Amino acid sequence: MTTNPIIDHLAGDFYTQNFAKTAGEGNLILNLGPQHPSTHGVLRVVVELDGEYIMRAEPVLGYLHRMHEKMAEVKTAAQFIPNMGRVDYGHALGWNWAFVGAAEKVGGIEVPERAEYIRVITCELNRIASHLLWWGAYLLDLGAFTPIMYAFDDREKILDILQIPTGSRLTYSYFRIGGVAQDLNAECIRLIQEFIPWFRARLPMYKDLVSDNIILRKRIENIGVIEQETCRRFGATGPVARGSGINYDVRRAVPYSVYPKLDFEVPTSDLKCARGRYDVRMIEMEQSLRIIEQALEMMPEGEILIKGAPKPSWKVPKGEGYFAVEGARGKIGAYVVSDGGKNIYRTKLRAPGFCNLSLFAEVSKGTILADAVAILGSLDLIIPEIDR
Amino acid sequence: MSAIPAELLHIIIGLVAVAASVGLIGLVMVWVERKVAGHIQRRPGPYEVGPSGVLQPLCDALKLVGKQLFMPTGADPILFWLAPVLAFLPVLLLFLPLPVGDGLMALDVNLGLLLILAFSGLAVLSVLLAGWASNNKYGLLGAARAVAQSVAYEIPLLLSVLAVSFVAGSLDLAQVVKGQGTWPWNWNIMTQPLAFIIYFVSALGETNRAPFDLPEAESELTAGFHTEYSGMGFGMFFLAEYANMVVVCSVATALFLGGWHGPVLPGPLWFVLKVSALMLLMVFARWTYPRVRFDQLLVINWKWLLPLAVANLLLTAFFVKLAQFA
Amino acid sequence: MEALFTGLGALYLAKCDAAKTGQAFQAFLPAGSLVRAAERLLKANYYIEDICAVDCVEGFIVVYHFDHFEAPGRLTLRVLAPHAAPTLPSIANIFDGAEWHERETRDFHGVVFEGNPNLIPLLIDPEMADCFPLRKEEKARAKAKDMLEAGEVIYCHPSFTLMTPDAPAEVKESSGDQPATA
Amino acid sequence: MSDLWSLMVGLRVTKDYFLEPQVTVRYPWVEVNNIASFKGHLELVSAKAPGKPKCISCGMCALACPSNCLTVVKRKAPKPTPEEEQALAEAKAKGEKPKDKTPKDPEKFLYDYTLCSLCGTCMENCPVGALSFTGSPYLAGYSRDDFHFDLVQVLKNQAGLEGMDASVAPEAGKSEA
């Protein structure tokens, strides 16, 4: 490297210097991100490289931090729902459900049967859309530019379907405390019934183009191996835990809403590597299709919002409540503590991506830079959810 | 000195034709690549500027020329500006011995193959200079990768070309093409299929294309060795990559697909058709496959391509010797 | 579940109604026995779910949520950190995932976790590291007993009065502000 | 060997899609058709008389809005003419409450679209259903003030220029708010 007086003082910001304190001699300190094409959103990882090998990595967060939990303190319960769509735009309905469920649990509010089924259908559709976003972006990280276009071709269909009842395409605020805002009209149901066989016919193409491709298989097999013990120490849930053989899905472990009535399998794979997580998510897409099919048949007629549903000025009664939902990335939790005041006293949002990313530093030790990008992709990270 | 000697005239026309064709091929290839990529991804590709986007590459070139050229602080000025020039100049030289038609070549030299292989090695030098001189960590990593990759993929390229020249008995491209007949079954690809596969894969590696585009891996190294280049600096690398691609494909057609031989159409048209077919294959490969990891890249080369190439060479030598006795 | 906490000097153990509040079991622990409790939980294959702090009249109640993959049932550890010097031992060396949760709690509430390997701001900008956005003003704070679930008391240390409603018998505390028997 | 075959399969898939027609809708030249249910910005529903909003300026929506981007300015009672004053005095003397004649619809209904998160809480919370979404995504402006509307003014313009597209109205309705 050319030594140049101007350069010497540019030794990086607070985090790089803090990271460089314990760096080995002659190692290259590199900032992957925050403006890096392969980090989804604004993730920054400070990496210590010896040649191509990563000696140490430390994700730096906070670039997308909007302090949702403080907003929850200054708004009433019903006014906080639009925030839920902005915490994680990948699986916004999962977050809607977590918060609304927590408020219903503390307020002791029942949800009509039809609203439960609508919640299941729209949440599962949103999960497929989130998995398609993950699949496309993951292939983009590994260098294939075409798959993301096919994935988004299908995802557009789902967004069109979800736009009918919710009115928006990405940041939904569709669930209300005590039900949902709008009913699924006939056209929406017809589109869903058309979408299911169409997407089921598309999945083999995904397998041919990518899953069996030898270059991809070599890129993601036995890298980023996560032991079950690591999952426990870091609290990783969702496809990351199921990819390491842990059979834990909140829809089965702590059944909520009408999931006990629906029959679907929880895919796990004991490959423990990025390939395991990849397979789990691909199978999960098929399972979600099955769930939507059954939910469509079993959905009864009836109203979609409970009589006298809480108005925006509704005060959450005293008490605390924790409600968890199986999001696309893992267990989405909302912990609500209320003192009966106008606004909720304290709301804690448990983001699955936060715990999944925390194990990256340990898992990526000693891997090559290209593997680190592949491991990051396999964790399916959406940064706004991690920074909250 | 009343008349200008014939060879000098021949060389001047050849050089002018080569320079023009490199620029033209660059623009056409940019358009073809973006259109094919678009259609593969079920989107139309450029369609605004000119009929179905034909003028788009021209606008790109003008935009690149118009961009401000700046140099990062701490970069080494001489080497930084030498790299793009160095990337582009040897490519012009590679075009000279290519046999487009019978006797239709810029420079009729009987060691054409040797000339091409020697100068194609220079391309890696420019990538190394670019990466190192731009004083950028990503550039440095890109340059390190480029050197390892080009050095590795040079050898199987040589060996597979050597196998074909054994069969043809000469290093002159025109002779090699003359040795092949008009119909596909007496082209060299039939006698040397393995050499063609090895040649094509190492050609992809040599020009940093498709699954082996590690030096400028977007998703890992932001843009690898040409991260810090803007304007015509980047444009030169861009054109050099396409020119290299054309050279590699035309050498492949000359050696394996029978150059200008073809049933009905005139010679040069066959040559252009075959080259564009191979180029289309390269473009398809780019938009279908994910990127290979760096150590896998070297494993493919040293553990797969090299032994196969050597085995193929020995086998060919054995049969050629046998044929001499028979 | 309470077998896990024998000999840890637990201040308050209670079974909770999971249907109503999502928690199966809760325990108040003194700061000293937090690390040992975490070790036991890791051995019992619990995984760390999240850590957050609730700013109450009595101080920062730091709530640790644990859950179990095979036998799901949320276990809540609560530790009281006084407003004056809110410092707690860090469990980041046992549950490594806790490092980030603790750094986040430090960002939001200012509860310092000794032993955390990298206690620099996680989400908040280093320049404004001490703004502690989620701290409440004096008058806005509420009593812990109003909000937190009492559950069926299994053991309650005599000197522990944080959770004891005025009439210990009925489970649901009477609403309204009865004098805390400090 | 079967692994290398997967490379060929990959090429076949991209070839198939290469030959299929494109999916892109060339937006400016072709109308996009899946935005029927898009919300778009807010508007006041007009009562039977054109240009007169249904709104009774009760302010429930402004109360409910999470990002408080609505302000309702009530209409002040018109200056009572001498006879009305006199009738008012007798009514008070008789003790029954004088009928309040001030019209209910708001003077101004200020709506700041830059803060609105299109959640629809205001529509659900409105007792008379006076608010609805326009469903027009084609709304552009050069500065932030282009997005500060006075919906009463917008409604009047709309009624005045019958048949104007809703999205054009805001420009005309750019009030001094």
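Going by the order they are written in, the chains are A, B, C and D; count residues from 1 in each one.
In this text, a residue touches a chain if its C-beta (ideal position, glycine included) is under 8 Å from a C-beta of that chain, and two chains touch if they have at least 3 such contacts.
What you are looking at is a predicted structure, and each value in this text was computed from that prediction instead of being measured.
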item: Chain at the geometric heart of the assembly (C-alpha centres); value: A
item: Which of A-D and A-B has more C-beta contact pairs; value: A-B
item: Separation of mean Cα positions, subunit D and subunit C [Å, integer]; value: 46
item: Cα-centroid distance, subunit A relative to subunit D, in whole angstrom; value: 32
item: Centre distance in Å when subunit B and subunit D are each reduced to the mean of their C-alpha atoms; value: 59
item: Where subunit A touches two or more other chains, by residue; value: 146, 150, 153, 209-210, 213, 215
item: Junction residues of subunit B, two or more chains touched; value: 40-43, 287-289
item: Every chain pair in contact, whichever chains are involved; value: A-B, A-C, A-D, B-D
item: In the complex, subunit B residues that touch subunit D; value: 36, 38-44, 47, 284-285, 287-289
item: Subunit A contact footprint on subunit D (complex, rising order); value: 3-4, 6-7, 9-10, 12-14, 17, 23, 34, 37-39, 63-67, 117-121, 124-125, 133
item: Residues of subunit A that touch subunit B when the two form their complex; value: 1-2, 4, 6-7, 28, 30, 36-38, 49, 51-52, 139-146, 149-150, 153, 209-210, 213, 215-216, 218-219, 368-371, 373
item: Touching residues (chain side subunit B, partner subunit A) in the complex; value: 37, 40-43, 73-76, 135, 137-138, 140-141, 144, 211, 213, 217-222, 286-296
item: Residue numbers on subunit A that touch subunit D, as the complex places them; value: 75, 78-83, 86, 146, 150, 153, 160, 163-165, 167-168, 171, 173, 176, 181, 205, 208-210, 212-215, 217, 311-313
